[in-house]
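Shared between the two complexes below is subunit A, which pairs with subunit B and subunit C, respectively.
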Partner chain A sequence: MSSGETILRLEKLTKHFPVTRGIIFQREIATLKAVDDVSFEIKAGQTLGLVGESGCGKSTLARCIVRLLDPTSGRIEFEGEDISRLSGKALRSVRRDLVMIFQDPMSSLNPRMRVSEIIGEPLEVYRAGTSATRRARVMELLELVGLNSEHFNRFPHEFSGGQRQRIGIARALALSPKLIVCDEPVSALDVSVQAQIINLLEDLQAEFGLTYLFIAHDLDIVRRVSDEVHVMYLGRVVERGTDEDLYEAPHHPYSAALLSARPVPDPDRAQNRTHIVLEGDVPSPLDLPSGCRFRTRCPRAQPVCSEVEPELDGPAGIHEWACHYPLETWPLASPEDIRRPGSAVGVTEVGP
Partner chain B sequence: MSMPPAMSPIPVDVLAPREVGGHSAPTRGPWALMWRRLRRDKAALASVAFIILLFSFAAAAPLFESWTNHPQNTSNVAGSDDVTLLPVGPLGGCDGVTDVGKDTCFILGASNVSGHDMLVQLSYGARTSLFIGVVSTAITVAVALVMGLLAGYSGGFTDGVISRLMDVVAAFPFLLFAIAVSTVFRSNVWTVIFVIAAFSWFYPARLFRAEVLSLREREFVSAARMLGASTPRILRKHIFPHLVGATVVYASLSIAGAILFEAALSYLGFGLPADIPSWGRMISQAVPGGLYRNAPYLMIFPGTLLVLTALAFNMLGDGLRDALDPKGNVDR
Partner chain C sequence: MALLEVHDLHTSFSTDDGLVRAVEGVSFSVDHGRVLGIVGESGCGKSVSMLSIMRLLSMRQASTSGRVMFDGVDLLEASAAEMQNLRGREIAMIFQDPMTSLNPVYRIGWQVAEAARIHDATLSKAEANKRAEAMLTAVGIPSPRERLASYPHELSGGMRQRVMIAMALINNPKLLIADEPTTALDVTTQAQILELIRTLRTDLGSAVVFITHDLGVVAELCDEVVVMYAGKVVERGGVRDVFHAPQHPYTWGLLGSLPGRNLRSKRLFSIAGSPPSLLDPPTGCRFAMRCIHVMDRCRNDEPALVSAPGDEHFVACHLAPEIRNDAANQFPGGTA
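Then we have the complex of A and B:
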């Protein structure tokens, strides 16, 4: 696949979890809408960043894409083929090219297996090569991710968090995949180790032309690695754009609030910037607000927001947002600037 | 597999054994760690020693038989005192005139009910107890593993059906059923084993199911699925190895339970037929007419052996549980 072609396209991907009751015969009592109508595409060799707070459906989306979960509806086109309904052999052959790196390097490695078995597992599953070539490949992968061959026979508990994440990356790379879904690959690590892992992922991308779907809640890391960023809120993409557009001129009040909350490594700038603090909690995905999902916490909400759900709008493929009353200016001079007259929701003032 | 061209060819020296520099502590597998801990547990080691002795005692049964010249299933008239009609006590008949070990000498005494030599009976009884304990435990654990894995990993309807089945078995009056089976069928070693296994699998199965339920949600299982591993492979490589510890511990405890249960059934007269030696029946033979008041050894020898055997398997089980505990201290 040459660079620039679409490798993954999601079309109205939806994942609802039924909440059931009953011992043997279960009946559905509610529906948890974890991912609702998400569409996007990733071009080969690029990185798409996905941000959002805990519980917004990022991980569910990732698990649907690698088919650890079965989507409720919608299409997942991988290299032009809809894989959302595949199973058995057909799914297995897709899995060689589409892998995932997990968030928690402690629990994503089987504590009873040696490093050689963990990294060699995909090779064994697909019966790739002889045991000697598999062994050689594991050695090569260890060096590729910055570990060395004497780690071959160790157990996961003998490694630090960063080293374990490297083992997870080596396992993902074993069969030379095309797309890697990174589900918060660095959020369980120290800041200094985060940088090493990010560098490793970038080096690997440059070397092997990998495509990443990079999920995180750290806006700065996502900006650093991504060509395009999507912001999710309660199962929907509320704003998307190239990193420059989105970070320098957010249009959705939610993106603006997220951006204003990120730590600034400069005391002078940190003092002067405006800090938008949203009120209330994220509504339950079991009982979503009518209209715009963000309206219960939005300082710009108007009556229409509770009636009509906004669709993504704006320059298609460049910068789109799903809001009836998008922001026009950024940065804001004061937190009150985000407010629109008539909105019932306020903004908490935070002193410097 | 064809390697992508982008990957560098593998340097040859990677395959050669390389000099490992600096500190490189030998890597220990879970079993090596377990053995290190078990070695420091004196009670568990004593249990292991006792269990080895017991197996040797059981294995040596034919030797005792030929040495004493008291075949296991023939009555020895010499076993009772001619005047009192009481059984001879320990060392009875061993007066030093007769050759020791020949015909009239009963080292651990004899039973006047069956006329059997106690020593020979005890060692054949050990065979029965160990056989029933080990075989019924093997069946129990195998059934429990299958049920636990099936219920825990598949979840949903299958889990519901198996879990309710476990509840039903748990609610069943175990002893009454065992008595009923032994009156309907002519009981032998296998019916006793069947009854024990049929009513003990639910307990370890519940343990395994709970364990599998939590293992199934661990990310390394998702990772294996994501990599395309089949369900049998996941069960074998990722789930089962985590159950081995619990299985070993449970098996050890379960052997003790099965031995005690067989003894209880035989004591009540619903266990093994009279031609199969059993510690439980040996104890029961001392009861009628208050025989144990005149010949307490009839109860003391099999009773002590039974208690020690159950204790040894239980202490070994406890020792194994501590040794396999991942949070345990290596250098305790």
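Then we have the complex of A and C:
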């Protein structure tokens, strides 16, 4: 697949978990809407970043895409084929091209397996080559991720956090995949090690033309690696755009609040800027607010927000937001600015 | 004289593999109404130095030396009873994980009120509860009266951290030690907690020691910064001096590895390798093996803290001041 073509396309992907009560006659008492109606596409060779706070459904979405979870409804098109209902052999062959890197490099590596076995396992599972070529491939992968052949026979506990993440990356690369879903790959690491892993992921992308779906809660890291960024809140994408769109001109109040909450590593800017401090906590996904999901914490909420759920929309291009009263100016001059919905925009954006 | 003065603090642990020198020669001071940030990677000794100051380490494994003057009292020399009296009243501490530091089988109200009652036997139960309620209100917990009857598991992470802060502040401590209080929290919740610590500092005039590995949080909150590496202070100074004219190669590495702004085209600066083992630390500068400016001298002589441009700005590095200043000028907001 050449770069620029769509490699992954989600269409109204939804994942609901039933909450049941009772042992024999399990009654469904509620539905947890973890991912609700998410659509997007990623072009080959690009990186799509997904940000949001814990519980917003980003990991569930990742797990649905690699089919560790079965989506409730919607389509997942990978290289033009709907993989959302695949099983058995067909699913197995897709999983060669579609792999995942996990957040916690300790719990995602089997402590009783040697590094060579961990990295070589995908090759063995897919019966790729002979044992001699597999061994050579493991050596090659070790070099590729910045480890060396003397690490071949060691166990995961002998490595630091950053090195373990490198092992996880080597395992993901073993079968030369096309798309890698990275679920918080650096959030468990120290800053200087984070930088090493991000550089490695960027180098690998340049070398092999990999496509990434990059999930993180750190806005700066997502901006750094992504061509396009999606902000999720309670199972929905509330705003999406290129990194410039989103970081220089956020329109959804939630994106704005996230950006303003992010600590800025520059004392002059940090201590003199406008903070938007959201009140309260994220509502329970079991009992979602009516209308717009963000309205309970939104400083701009108006009566219509509790009635009509806003859809993703924007004037042109890929920058879109789901809000009845989007922000017009950024950065804000004072914290009060976020409370003043611009009347003109407010009226035109509302509608069935 | 500053409220807290730590001078030449050493802490080591005896383990089966030998002596681990976790903290070696750490000195700093904090005054009323000031926030001191301590930054460094995991294992650099930030938490251990705080636990040493609070005398919360088991004496069987840890040995501590140096001088820790708090309001005229040497904490390392104080008796157990004196410490008991100071902890929670004059010096309070907030830990990283609010779930493990709250007792899961007691109600929030009881736990917060206990902190007040334990230091004031004359306080009646009703009064203690009233103070607990006032404190929960002060830290921004909605419907505080109902929350007094909740158990920790019924609250979200941010709420639990607020309860911890309420508990720490109920006796109006002169010094608050916060050990990565926002690391486990989401960014919007972190912003709420930082805002809270900011107002408490201005309203109560308490001194705060804030331990973190997040340089962004330091820039947001702190007046002074101590940068630690492998048990030692490598740089110390005002927050503007350290961020705009950093002097130590390790600080350059930390600041350079931040994914920051519009540098998509440029590779992130990363510090090669990993910190040395504290069982057998290298002689000379402990950062030498990862330093890109390393010289022969660095491997043998240990650099002492020397003063650097700026007010009360110190660095432990052998590099010539001109080289350091040139490098420092490349940082955003630097003098160049």
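For this structure, a couple of remarks:
Everything that follows uses one rule, which is that the second predicted complex is superposed on the first by the 335 of 352 C-alpha atoms of A that agree within 3 Å, B and C clash if a C-alpha of one lies under 4 Å from a C-alpha of the other, contacts with A are read in each partner's own complex, and residues count from 1 in each chain.
We adopt the following convention: contacts are C-beta pairs under 8 Å (C-beta built on N, C-alpha and C of every residue); 3 or more make two chains touch, one makes a residue touch a chain.
Only a predicted model underlies this, so the values are computations on that prediction, with no experimental measurement involved.
Subunit B and subunit C, once both complexes are superposed via subunit A, fit side by side. Residue contacts after overlaying the shared chain place A:265 against subunit C, while subunit B stays out of touching range. Judged by the touch definition given at the top, the superposed model places A:162 against subunit C, while subunit B stays out of reach. Once both structures are fitted onto chain A, a short way to say it is that subunit B and subunit C open up an angle of 80° at subunit A, using Cα centres and rounding to the nearest 10. In the superposed model, A:27 makes contact with neither subunit B nor subunit C.
By the document's definition of touching, of the two partners only subunit C reaches A:191; subunit B does not. Once the two complexes are laid over each other on the shared chain, residue contacts for A:277 go to subunit C alone; subunit B is not touched.
The minimum CA-CA separation between subunit B and subunit C in the overlaid arrangement is 7 Å, rounded to the whole angstrom. Taken together, the two complexes place no residue of subunit A in contact with both subunit B and subunit C. Within the complex formed with subunit A, the subunit C residues making contact are 41-42, 142, 156, 158-159, 186-192, 194-195, 213-220, 239-240, 243-244, 253-260, 263-264, 267-272, 274, 332-333. Contact residues on subunit B toward subunit A in their complex (touch as defined above): 1, 3-4, 6-8, 10, 14-15, 18, 20, 24, 27, 29-30, 156-157, 160-161, 164, 218-220, 222-230, 233, 237-238, 241-242. Within the complex formed with subunit C, the subunit A residues making contact are 53-54, 160, 162, 190-196, 198-199, 202, 217-221, 223-224, 243, 257-258, 260-268, 270-271, 275, 277-281. Contact residues on subunit A toward subunit B in their complex (touch as defined above): 23-24, 26, 63, 66, 68, 91-92, 95-96, 99-100, 102-104, 107-114, 121-123, 125-126, 128-129, 133, 135-137, 139-140, 143, 149-150, 153-155, 158, 168, 171, 175-176, 207-209.
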